[in-house]
Amino acid sequence: MAPTITDVAATVVGNIENLVPLTSGQYTMGSLILMVSYGAHFAFILYFIMASLQVAPRYRIVPIMSAIVMASAGLSLMREFSLWEASFNFDGALYQPLSEGNVFTNAFRYGNWTITVPILLTQLPIAFALSRPDLHKRAFRMAIPAVLMIWTGLYGQFGETGDFARLNLWGVISTVFFVWMLIEVRGVISQAVKNSPPQLVAWPKNIWWYFLATWGIYPIAYALPQLGQTGDIVVVRQLLFSIADISTKLVYGIMLSRYVLRRSALEGY
Amino acid sequence: MAPTITDVAATVVGNIENLVPLTSGQYTMGSLILMVSYGAHFAFILYFIMASLQVAPRYRIVPIMSAIVMASAGLSLMREFSLWEASFNFDGALYQPLSEGNVFTNAFRYGNWTITVPILLTQLPIAFALSRPDLHKRAFRMAIPAVLMIWTGLYGQFGETGDFARLNLWGVISTVFFVWMLIEVRGVISQAVKNSPPQLVAWPKNIWWYFLATWGIYPIAYALPQLGQTGDIVVVRQLLFSIADISTKLVYGIMLSRYVLRRSALEGY
Amino acid sequence: MAPTITDVAATVVGNIENLVPLTSGQYTMGSLILMVSYGAHFAFILYFIMASLQVAPRYRIVPIMSAIVMASAGLSLMREFSLWEASFNFDGALYQPLSEGNVFTNAFRYGNWTITVPILLTQLPIAFALSRPDLHKRAFRMAIPAVLMIWTGLYGQFGETGDFARLNLWGVISTVFFVWMLIEVRGVISQAVKNSPPQLVAWPKNIWWYFLATWGIYPIAYALPQLGQTGDIVVVRQLLFSIADISTKLVYGIMLSRYVLRRSALEGY
Amino acid sequence: MAPTITDVAATVVGNIENLVPLTSGQYTMGSLILMVSYGAHFAFILYFIMASLQVAPRYRIVPIMSAIVMASAGLSLMREFSLWEASFNFDGALYQPLSEGNVFTNAFRYGNWTITVPILLTQLPIAFALSRPDLHKRAFRMAIPAVLMIWTGLYGQFGETGDFARLNLWGVISTVFFVWMLIEVRGVISQAVKNSPPQLVAWPKNIWWYFLATWGIYPIAYALPQLGQTGDIVVVRQLLFSIADISTKLVYGIMLSRYVLRRSALEGY
Amino acid sequence: MAPTITDVAATVVGNIENLVPLTSGQYTMGSLILMVSYGAHFAFILYFIMASLQVAPRYRIVPIMSAIVMASAGLSLMREFSLWEASFNFDGALYQPLSEGNVFTNAFRYGNWTITVPILLTQLPIAFALSRPDLHKRAFRMAIPAVLMIWTGLYGQFGETGDFARLNLWGVISTVFFVWMLIEVRGVISQAVKNSPPQLVAWPKNIWWYFLATWGIYPIAYALPQLGQTGDIVVVRQLLFSIADISTKLVYGIMLSRYVLRRSALEGY
């Protein structure tokens, strides 16, 4: 069957946000979610800067990396927020997606992950004090599948407005890279379990499970548009993204910072 | 009785600010209130950063948390301010709420509280030097009812433009969570009274009463729209919100910072 | 005589800036004055932060308070500047005040003073090393008439576009609070003269006269619109406000910072 | 001869930038010049802050003053840049100055100098370690002619769009103040030559010649519009201003910072 | 053959970005590339500031210079991003370059290089600890051909929309300066190989090859428009620019910072 005009338009507009009108409640909820996300990220820049002043020099870079991630993700989320505000217009009853000029897109998220994900992964071997050559090798081996995962996912997500074959095919490819990445992360965790001081040996294990649970939210958000193009799906997806963002960056950063603070103390700092 | 068009429109527009024209004086007063609020919050970021450099390391996080709250609430209030400015237009005699495109909403306040309230509550057990496991447990037990209080209130406040049953029902539910939260806070205060150095034992008690008086302003602001949809109500409500904001975040932060400064000195720092 | 349409409009628009067309020179001069003011305030944030690192810990808060005042007043003045730019439009010969949408107002100044004036007053007893309980009591006793002075003045200044009875009545009330505040300030100065090291005993006296001369500019700016609604009056008033702002906040802050720097040195820091 | 409409319009619009259409290359060059200028000023704030941490306490204020100048001039130049962008519109072939609403003006430059020039001059006696009472007296004696020079120049430059008598008369008056200021500067340099450590005695002399050469660019830029109202003149003037700005503030600041760094080392810091 | 209207227009609009409509995917990819670039630059300001606190004083300026470059390039790239967003409009099917008012230009990049390239080059002899007089001489000798390379390239790139003779002629001239600059850089590297501690002797050699590979991307991006005026060429060029920017500034800065950190340690800091 030849693609209809609507199919074409759908592919052009990229994300389902550009296809569904929202109720006032849904629109406000979406604004709210994005605003809370960027607000939280910006606010914790300060926390991580101060945290870096309290840990031993060799771990100082760990909270700094979190501060960098906060700044970068905060900017990106603030941009999503402005896009959201600019992409809908209130017609007196509903918020209509604007058909021209302003197009909402989630693609900036993937762009931002390209910066933040390698940083988040590199934090792990540094926090867990792997030896320097090992650290470089392992950071590299985690970053490669991670970036491939993001870029294949970025390519696939343009299919969400109708071309579900594209969405699913590239989703599966992306997941293969995700699994490869997880194997590498697991390797770092094993090292961490071996070399953690006995009082802290539960930490790398807990962080592993936490990591799995929170990074796993992203593929769910990716697949969600297949459930239908409704306002609720749009809002729930933004909510999932935001929960994932706060969990994998902000809370994860607090965990690692507290771990290195304890470890600094145990190492006599 | 079936809802009229006006009822529907009222629910859609969310807050009474979108329904009443303001006199020049009222409009200016509203701008002024919001601007003083965000200005004060931003300005005191600096104060709390400097304060953190003067207290013992274990208390350092207390003023830092205030700085984070200042930054986050300042951004949110600046946004309320811009919304206010964009949502009314001067027609030569009155400031008319704009019927399309720009809709004022207080919902961002609730979004922001979701970040700031858990931080404000967690400051208490840290400042009062509760032991670490106790601290975590209690912070958690305060934060849960607090977040439920905020979200139920957020849901209810959409009723303020006409659906007072919704406003009141969810207001009561929110108040139940508020009381639960207060019981948990009271528990922390009791611990604080026990473990404070004798010279400072009056502080936790005073902070308790101050806490009650200032947090109690929010439900009053919530209920206010039932008194009528007039410009005065709109302005008085923004004023109540602002007094509450400055009291529960800024002045409260100064109090806790001074307490930990004294306590640092008494503990020989 | 019943008020004419013009009288009504005049009250509505609040400040004389909204009534008089400006020549190109006057408009540019106004922009320039406001821009130099906010530029100077922002630029000196840095100065006061650095100054705070060079004085004894007990005085450190004095330059910090100046930095806070700089940030807060800078934001407010930048806002006056943008308002100015948005409130006039060049018609090819003159800058015409825009009749709708954008209304210039000086009210933000009063809003900002509500934050900055109590801070400026509290700097005095801290810089002059009054004992702690005395310090609190006196700061409080200065702040109360000060805030009443500002708010009564704010209410009165809406009369400047025609209702001079209002302007003058509330101006007099405000001046009563001003005098009360000055008596309290004088009390602090007397204490300061007593407890200053002999080498610095001239400082509190000089600061007193400086204080009188510079704070006294504000009531003159307040009364000025009675001399006529002309472009020159508009510009001269903004100039007076700016000279007063730079004198009572920035230069005053430098003076107090230098005083505490000297005093730190004499006290062996 | 009575002034024509065009003469009047010319005086109203203030600067030649509002009279000449620019080619695409000229417009881009102008944007580029202004953007490089403000970018350079902002970027070096950081440099001067770090520099201040490396010199002896008594000289610390010298790089701080440069940081303040960078911030202040950067803001002002960013404003010139935005004005430039807003004041021309591309008509498909040329960039036409907009006849209403947006008027380009160089007057902000003069406003900014009123803040920065006294700071730049005061840096000299501090860097060259003049004794304290001498320092104050000399800073004051340099600042007075400097400010008179700027304000008479500001008044005169409004003549550049046609009233060359005004431009030249006030240019000469301004130059008289410039010469007076230079005599005062020369006095400071002489003191500096006397009290510099022998290894550094060439520095004040070199700074003197550098000062003459770079401050001398401003009167050339001032006089330039007499050569004609063409796009090239417009661009060359902005270029001269920018070269002068970077030379008299940024590079000059680096020079003084390096001098006090060396001097700190020689004085055993 | 006389130039057609289209030829003229082409020269006027400066860059091929103003001539080709983009698909949604191409437009989004371009936005994404620019946004990731500026985000990465801004985020790493923090990294370099913290890095500077960990190296020996004589090398401290090296990461500071990277922080300055990050800030300056970040601003410039954010500007390219806004220009990109403002220069295309979605017509329902394609993103059309806007014919008036908003013209995209790469010229700001060249303006920014004029600030950043001399800083990047001067980092080399400082990091490699060349003796002071040698350092100055060599920094100067590298900066001269570099700036000539940039300015001749800037002039030439206006030819990319059709006047390929101009593009190529000035490209060759620029390349001559590039080669001259490389010879000077090679000289610094040779010195560095001689004076590096034995454990670090591989670093200057590796940096040399890295330098060649990454700076070499710019001339490729410059020449690219000759392959055709298509959306793909537009996007690939922005991608090349961004890869080059991140490689020659950010990653290069990390390399130099790590080198001086190691060297500080070996020199007993």
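Some notes on this structure:
Per-chain numbering from 1; labels A, B, C, D and E assigned in written order.
Quick note on the criterion: a residue touches a chain if its C-beta (ideal position, glycine included) is under 8 Å from a C-beta of that chain, and two chains touch if they have at least 3 such contacts.
As the structure is a computational prediction, the values presented were derived from the model and not from experiment.
Note on connectivity: the fewest chain-to-chain touch steps from chain D to chain E number 1. Each step here moves to a touching chain, and the least such steps from chain B to chain D number 2. Chain centres here are Cα averages; for chain A and chain B they lie 29 Å apart. Averaged C-alpha coordinates put the centre of chain A at 47 Å from the centre of chain D. Along chain A, no residue makes contact with two or more other chains. Interchain contacts close the chains into one ring where each touches exactly two others, per the touch definition above. Residues of chain B that touch chain A in their complex: 8-9, 11-14, 45, 49, 52, 57, 60-61, 64, 67-69, 71-72, 75-76, 79, 99-101, 103, 105, 107-108, 110-112, 114-115, 158. Chain C contributes residues 23-25, 28, 31-33, 35-36, 39-40, 42-44, 46-47, 50, 54, 89-93 to its touches with chain D in the complex.
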